[in-house]
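Here come two complexes built around chain A, the first alongside chain B, the second alongside chain C.
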Partner chain A sequence: MMLRTFATGIAATALAAFIGSALAESTTDEIAKYREALQDGNPAELWEARGEEMWTKPRGPKQVSFAACDLGLGAGVVKGAYAALPRYFPDAARVMDLETRLVWCMVHQQGYTEADATKTTFGNGSAHRSDLEALAAYVTSQSRGVRMNVALDEPHVHDMYRLGEKMFYYRGGTHDFACATCHGDDGKRIRLQDLPNLTKLEGAQKAYTTWPAYRVSQGEVRTFQWRLNDCFRQQRFPELEFGSDASIALTAYLAGRANGAEYNGPAIKR
Partner chain B sequence: MPDPMKIRANLLGDSTEVKVLMSHEMETGQRKDAQGKTIPAWFIQTVKVTHADKVVLAAQWGPAVSKNPFLSFKFEGGAKGDKVRITWIDNHGDTRTDEATIA
Partner chain C sequence: MGMKVGARCIAGALMAIVAGGVMHGCASAPAEPDVTDRAAAMLKSSFKARGQATMDRLDQDETQRLCSEYAGRTLPASTAETIEKANLATIRYPADGKLVGDWKSGEKIAQSGQGFQYSDDPKKSAGANCYACHQLAPQELSYGTIGPSLYGFGKRRGFTDATRKYAWDKIYNAEAFAACSNMPRFGQHHILTEQQIRDVVALLVDPASPVNQ
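Here is the complex of A and B:
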């Protein structure tokens, strides 16, 4: 009798484990299906259209358009520019990612104050729209199909890449978390959201080349600066300042890791 | 003035496939803001699509439709170069009309 109960116990455990894994698999499948269904009508296109209009029109106190803004490939050149960012800009004497460079152009060419240019970095509904998110959506869309080619041999970028790498593995905060805690293994997730393993080439490439993205759950296009900022929040780290060297170092590390992969944003994510 | 729609219209055999993205908050009226006050409902109520002055799609929408809605449908007829005209009206009485050429 004892034995039989024991055997039934094992069977029940095995069955539970089987149901568990089958459920996990079918859930992942269903989410994949959901993502596929969304691919067709990505509302990020609405942001791209708004960003394109902003890019071409004279703006700011000086009424200068972004035609004067050099993203690294020459003044006003957008095609393929994002795939080579972050890069070192001698005029600013700094390694910059896309969002930081856009702010630099708004301040130094269009006459905005730093505070005005970064007033709404992350939008929230139609009453609080972010120009930066729309501009980033447009600029990144112009690198679709271009292979990532961040110049890691450039000494300044190389330093930032190394710093970013250190940050990625640095454990801290109230939870003693590093980026690698969640992004260093296969098959991790937060609730139903799969987390990419950024220590593997494939994971790093797939993750970086699909940001910015329209987040269906938020109804907004989110940039890479937002992604990092929210990861810091989830890690209970001090807030990652918009456009800070720390944010650019991490971006340089992750963008550099994606080198060689085809850029495919703005994407759509749950 | 609401943002423009993004419309694609393609001839597939003898039918025309239309895909349209609309920019709209689509507030349900069920959500509350940080102060606990109800956010008033604000959503698209009617959608009308015409081709050569003939209505090919008329829809009544409610608050269950997502933010920034995407609509895809097919209608018979239509030729390359024809115009497809789409109009939405929301419960504020705001409206937007855009046009696309069938490719």
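Here is the complex of A and C:
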């Protein structure tokens, strides 16, 4: 089932060569090799380039660039900013993740309405590209090699971390699923897909530091907001709202647990 | 990490009490039950109903509430017993007493993950998605490992009435046997119809099923 989805993405020919041996040997090992082969030429670079252009050019009704946007390290500073998010922003009186902060800058500095700024949170092909995914790809690429350093001592962030931890274990819906149902044990997989154990530091670090990612199966760069949104869809929950408090609390919990690990996104994933 | 932060806050609180000063950093850190309630409230204000996935999906029943509360910790034996007893009481049987259906239909149901997501067509019947977590028929290589392998289920346990009843009960409500199991309660939550449960039971217990070859 997974291999079928896989083949709809790019590099289907390259993959075909893997499939033959994949079933004979360990399929997950082969997928890891495939991922490695693609790592040299990650299509996420196209999103990064588009995001960088958007970052520097005047935008919106007020024709203001992101040079005025403070991601926590000062106006316009991008280098290393993602590795310290989420953080508390006094000007917004709120703990924000990257995507929420980008929307805040678009609304408060560039003059967009909230509705316009969040019109396409998740892209769908070239006709419905997401500016937020491109901007996130650019900003996160500027933290590559930087160790995660979310300020868990800061009381607002600390509170969100604790709320996010509770939410991680919150069972609900028709199927009784929580985040922990799939991400609470070592060495588990769903069908053939390996599942990170996010309750262990190593698992959380490896998973969190590789988002955003270019999803081969979707041909899109997906952000952490998307990751959470789509996990909850599969949990049979209602839809997680973009930039909602719960999304930021869960991000604070997982980003906080990734502290100390080198950020390595945008990555490439199935 | 969470533990570390918590310990630091407690230490900070003690120091603040000793010093008689105002505590910074963790002053607003509330007691545990408050975090639980606030997390639930925050969840409810952060989702929106979409399609068949209505907001009441976030309302927990007692089993979900207890399993969330004790997640990541050892479930006290008395709580486990309470959960199992309450869930055992929900199990219903077909009026005709027939627990075993068609294993071929059961295999299709076991393969399908469709159903109950807001992206699913509510008019289509739901699957049980057994292969997402379990090995069943050995021909299917794409199986998950969240649950144990069920290959040889009937053969190992014996093709008896007791095995058939256990398969029905477990699919109907897994919480009756293992409190806070990861397995959905397919009967109690009406994920599967009576006939679908029969068919999945057949996949597990029919001597002709590939699961028992």
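We adopt the following convention: the second predicted complex is superposed on the first by the 245 of 270 C-alpha atoms of A that agree within 3 Å, B and C clash if a C-alpha of one lies under 4 Å from a C-alpha of the other, contacts with A are read in each partner's own complex, and residues count from 1 in each chain.
As a convention for this text, contacts are C-beta pairs under 8 Å (C-beta built on N, C-alpha and C of every residue); 3 or more make two chains touch, one makes a residue touch a chain.
Note that the structure is a prediction, hence the values are computed from the model and not measured.
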Fit or clash - chain C, chain B, common chain A: fit
Message: Between chain B and chain C, whom does A:79 touch in the aligned arrangement: first, second, both, or neither?
response: neither
Task: Tell me which partner A:43 touches in the superposition: chain B (first), chain C (second), both or neither.
output: first
Query: Looking at the overlay, what does A:57 touch: chain B (first), chain C (second), both, or neither?
result: neither
- request: Tell me which partner A:219 touches in the superposition: chain B (first), chain C (second), both or neither.
  value: first
Message: A:128 in the overlay: touching chain B, chain C, both, or neither? Say first, second, both or neither.
response: neither
- prompt: Quick one: chain B or chain C, who's touching more of chain A?
  reply: C
- prompt: For A:119, is the partner it touches chain B (first), chain C (second), both, or none of the two (neither)?
  reply: neither
- line: Smallest Cα to Cα distance in angstrom from chain B to chain C after superposition equals 12
Task: List the residues of chain A that touch chain B in one complex and chain C in the other.
output: none
Query: Okay, in this complex, where on chain B does chain A touch?
result: 3-4, 6, 19, 21, 23, 25, 66-68, 70-72
- prompt: Hey, which residues of chain A end up touching chain C in the complex?
  reply: 1-3, 23, 27, 152-155, 158-159, 161-163, 165-167, 169-178, 180-182, 184-185, 187-193, 195, 199, 201, 232-234, 236-241, 244-247, 249, 256-257, 259
Statement: Contacts from chain A onto chain B in the complex sit at residues 40-43, 45-46, 49-50, 125-126, 216, 219
Query: What part of chain C is in contact with chain A in the complex they form?
result: 1-2, 5, 8-9, 24-29, 35-36, 38-40, 42-43, 45-50, 53-55, 57-60, 63-64, 67-68, 71-72, 116-119, 131-133, 141-146, 175, 182, 184-185, 189, 191
